[in-house]
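Okay, got some structures for you below.
Here subunit A shows up in two complexes: once beside subunit B, once beside subunit C.
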Partner chain A sequence: MAHALKEVFYEKPKQALGAHPEDARVSLSYLSIAFIALFIGGVLGLLQGLERAGLMQLPPWLNYYQVLTAHGILLVIVFTTTFTIGYQFANLSHSLGGLLPKVRKLAWTGLVLMVIGVALVTTTIVMGDASVLYTFYPPLAASPFFYIGLVFLVLGIWACCFGVFINYRHWRKNHPGEPAPLLAFFAMGVFTLWFFASLGVTVEVLTLIPWTLGWKETVNVLVARTLFWSFGHTLVNIWYLVATSAWYAIVPKIIGGKHFNEKLIRLVVILLVVLNIPGGFHHQIIDPGISLSIKFLHVFMSLSIAVPSLMTAFAMFHVFERTGRQKGGRGLLGWLKKLPWGDVRFLAPMIAMISFIPGGAGGIINGSNQLNQVIHNTMWVVGHFHITVGVSVVLTFFGICYWLVPYLSKRTLTKKMNKVGVIQTIIWTVGMAIMAGSMHIAGLLGDPRRTSYTTYKDHPDALSWIPYEYIFAAGATLLLVGVIIQVYAVFHMMFLSPKGVTEFPAAEPVADAAPAPLWTERWGLWVVLLLMVVAMAYVVPIVDMIVHAPPGSPPIRTW
Partner chain B sequence: MKQAVYGLLLYLFLLLPPVADLLESIMIVHMHMQMPLLVAAGFLMGRFLQNKFPLFFEKWNHNGVPGIVLFVIIWSYWMIPRAMDEALTFQTVEWFKFFSLPFLAGVSLRDSWKKLTNAGKNSVLIYAAAMLLFMAFLYIGADEQICNNYLEIEQQTLGWGSLAIGVCIVIYLLQLLFIDQSEFR
Partner chain C sequence: MAEKHLSHHSQSPEKNNNEDVNSMKGTMVSVGFVAAVIVVMWVAVFWLYMARV
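Coming up: the complex of A and B.
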């Protein structure tokens, strides 16, 4: 009876009316900013690729390092952040029956703060006062306004975090004895991780501001780098968690199946939240000043993330096989043919998942001490994150757009637009495969990253990199074509596609599934465990870095 | 019973001389990793003893209080700087550590925790938090070596680690206080 009433009063109107218009406006605004950032960042990416290969020379007022910094910040921070917020707030609105008015206000406040932050950051980069790359740690010093812009960006993220926490808590209070819907649980995981990940980088930025203003002479570089990576690597896993939310809770519905056991999915979210932050240390494997035993310990902490990742891989392929077989797939691999490869909403995230296999393997190489020595400062690393972020995460995000944007704008995904999406996915995959592939090889040959075009006085080794750099440029060109198609598709679906109803494809559990266990809702406990893992990882090295600190570094401007 | 086997394997692993040497070479790892792992090994092996001697536990620990008192005494003893020092200096004390933490502290914790009332559990947590915060004060504040076997920097690190864990327990207690725990049952 209760179920039937819920169906009539809650599910039916939601299906008929679609997204709440005011909530949709919040999400669409974030998504618009995301895709404008993607377009500008994409153009800058191509410029960078062409300059790196020596095929063009950028003017002195917009040099390689400015473009590199802006490309990184616009794509790695602005695009992913705004997309995630737009998508997660849509999930929250759908699964919790709408956002609370105060939460909507917090989301708008977050948007305004982020726009102010991005404006400050990009202005300083364009003015040539902040060519510090997107990692922005000392001793390179940007204009103080660059860091003040970052503070606004973080404040914007926090406003959204608190919005999610308030809405989630409100729902749980009004639904005693019920676990929160799966997508809301994912949102809670994403924003909890975001909040705690941003604490370290906030401390870093707040120490850099007085340093760049000249109020403080020196700064402890190693502590700043450690604080940055506690955030930097966690950010990677925040994207990954966002992508997983679509893999687990959306993709099964698109292929006409049911989602995997909810207990396991929730366990994956909890493990990703609890284990993530110490992973940052493997970015510092060649940093002097961190003892070998600490680096050894951190190999385990970094690789612990492989556990939930492998759980996800096996769970997803189980869902694919189960659904394929239900649709009549026979034999060892016959079920693969039954999957809807022509549907961009499946194709894009599926390629994203497959690319996580080489991406994850590369990650294990990067996280291993000896292998990292070989590739650390080379193009290999650039290739690695273009596969993980550029395909595993971004293609999932692109795939999400083809149902999320029409759903929010109350339009439909036409067959033609689906075809555009499939073509875009293929162009993107080919572009990224040749670009990231050649970056990996060039890296193994010693081609350095974070460096403009150079032949080192025509040294034969440096000349051997050039053919691969031409391939980077060719890949980057294809990727810009991909960006243009994607941006066109998103804004077309937002404003021009035919009006209509698009379903929110939230997957359901199998018929006889047990309800999700309530203990998974103990977010207080998960946060305490997260803090304990952070304490285990950071107390020893940070005390060592502070007590045995060298004199520190003054601000350095190399450009 | 599977967990008792895992507990035994963990215990044997911790007993291996190279493992023990490595864990004991860093002060904070000695206190906040080796010792809790020994307790955890005992906690897991406790299942076997509970099944083997149910009457013993029923007779001597039927409300969980004697067991938790034993746990608290053993754990507190090993928080004393001198106790840690002696474990490294005297072989017999080292043996006592490897016996007392799993079999006196771990097993009694296993048998007692579920038998305790909420007030009992909270008292243990408050005691643990207070103890860790006091240790933080002691180890960070001491301006001379309080363990012969460890440098001052190591004891300061241990102090900061204790502070972090103490604060975590306080946060845990606060969320117990402010969030209705029946929501999760």
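Coming up: the complex of A and C.
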């Protein structure tokens, strides 16, 4: 008992006394920007949905593709990035006993760089100079300031990456022979993957700046697209890795259980870090200029990402079953009834996990060579993206808010706010189910994505898509209601909820668990393996694209 | 049959309870459900592909 008290008050003071105020300020600042971006991006999403269904016409000063670009950048890059950094720095602060002062400075530097970047990017979009969609690859060309803004965003992310690496290394140096805490291990995986995934897109953006400034006449479109997708798809998997950190290390505590075998959890993180980057190539299965053998190699690389996901499915079901049975659940599935469905901190991530079943299955379809030809560039892809990022990732993020924000702001989650969260989760789930579901069906019928409302001169096929497009719009309306409730909940918990102490719900291993294996801490080796996999996947095709390059493209502005 | 019947009854309630707590049947069924969703969706889209080529 005395030893336990000594450990709590002398060795883990920050865990005992809640979030360090300065660390909490860092995380809360990032979360505030995240939810402002979510609100603006959500409003734009509804406008887009209504325009796409032909239910409203945007004013002449607001182009559909402008709205589409802003919606994508604000939600897929700004919201997810800032939320992840806020959440991961809170995890690091809690599990490593506080952030180092220089790491805190790096986090603030990152925030300033990102704000400058977002300001430049959004200004160019609002001015109508950057309707190049979230993917922003050539031949579409935005204002050079758009790409300069992206450089600032990347620099901000790198500042945070270096902060995480420094803090992690410092902890390991001071705790020889000890594996880092699980949540810190996840943070290390997330930021390692982020850093290496961003290298390709940085090269692309640095190529596009002189091209849009007129210093260079043409650009190799295929190389640029390849560099983008080495980042574009990995980014989605970075958010997925962030979500899995909560599934593995937080949710078990919330349901009153213990986390799964730490060796398997760490192996999942390592596999996701090592295998992920080449997965983006399946976005180019239909691209000309890439040989069939390379495409088949990449089908294999893309599908390999499913392995750690299936391990996660098994591990999480086992944690739920074990906990449910310990609480008296009997029979084949009786344990499900014992899970705390009324607790938003569980309900939201649980629905997120369930949605990953069709989401992951859809991903396997997208990554399969022939099947990709059925769904390529159709609304199926948009539906897939919304069910994976919009539910599996974002609903997990929403669930995290209901303990993280009160913990950081030294307030409590009230019963009333929990109820608000449950209602929000239901609205979000229904909205996303009908929107993403109808998008999947419309996509299978051939409805193209990235296209404003059109009936293609009343072609019967195009007319058959319209009922589904009405359903998109209905779903998008519900989702905006969900966004408003969530933004209200986050800022209420930040500034208005009753003062008090909220626990950081980090799960612990079972009593007789073996210690986490030290070999998992060989980050140098994981990075070498990552680079080898990337080299295997990219060196031959990129050299081929450069050596046998078709004529380059000048900048094209279609709007 | 008789032996099986006897051995079933000779287990203590505590042991039965532990077995139930440590059961992974639900996990197996759930993972099977995941596999079924993957197979059904994949086959459905593959069928569409074959119908369209």
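Brief remarks follow.
Everything below uses one rule, namely that the second predicted complex is superposed on the first by the 545 of 559 C-alpha atoms of A that agree within 3 Å, B and C clash if a C-alpha of one lies under 4 Å from a C-alpha of the other, contacts with A are read in each partner's own complex, and residues count from 1 in each chain.
The rule is short, and it goes like this: a contact is a pair of C-beta atoms (placed from the backbone, for glycine too) under 8 Å apart; a residue touches a chain by one contact, two chains touch by 3 or more.
This one's a predicted model, so the numbers in the text were calculated from it and none came from an experiment.
Of the two partner chains placed by the overlay, only subunit B lies in contact with A:527; subunit C stays clear of it. Of the two partner chains placed by superposition, only subunit C is touched by A:374; subunit B is not.
By the touch criterion defined above, A:172 lies against subunit B but remains apart from subunit C after alignment on the C-alpha atoms of chain A.
Contacts of A:547 after superposition on the shared chain: subunit B is touched, whereas subunit C is not. Set against each other, subunit B and subunit C touch different numbers of residues in subunit A, with C touching more.
In the superposed model, A:326 makes contact with subunit C only, not with subunit B.
In the overlay built on the shared chain, the residue A:519 is in contact with subunit B alone; subunit C does not reach it. When both complexes are overlaid on chain A, the residue A:213 reaches neither subunit B nor subunit C. When both complexes are overlaid on chain A, the residue A:539 reaches subunit B alone and has no touch with subunit C.
Once the two complexes are overlaid on the shared chain, A:364 sits against subunit C while remaining clear of subunit B. Note: no residue of subunit A belongs to the subunit B contact set and to the subunit C contact set alike, using the contact criterion stated above.
Those residues of subunit A whose C-beta lies close enough to touch subunit B in the complex are 172, 176-177, 293, 518-519, 521-522, 524-525, 527-528, 531-532, 535-536, 539-540, 543-544, 547-548. Taken together, the subunit B residues at the contact with subunit A in this complex read 26, 28, 32-33, 153, 156-157, 160-161, 164-165, 167-169, 171-172, 175-176, 179, 183-185. Touching subunit C in their complex are the following residues of subunit A: 310, 313-314, 317-318, 321-322, 324-326, 330, 332-333, 335-336, 357-358, 360-362, 364-365, 368, 370-371, 373-375, 444. Residues 20-27, 29-31, 33-34, 37-38, 41-42, 45-46, 48-49, 52 of subunit C are the ones touching subunit A in the complex.
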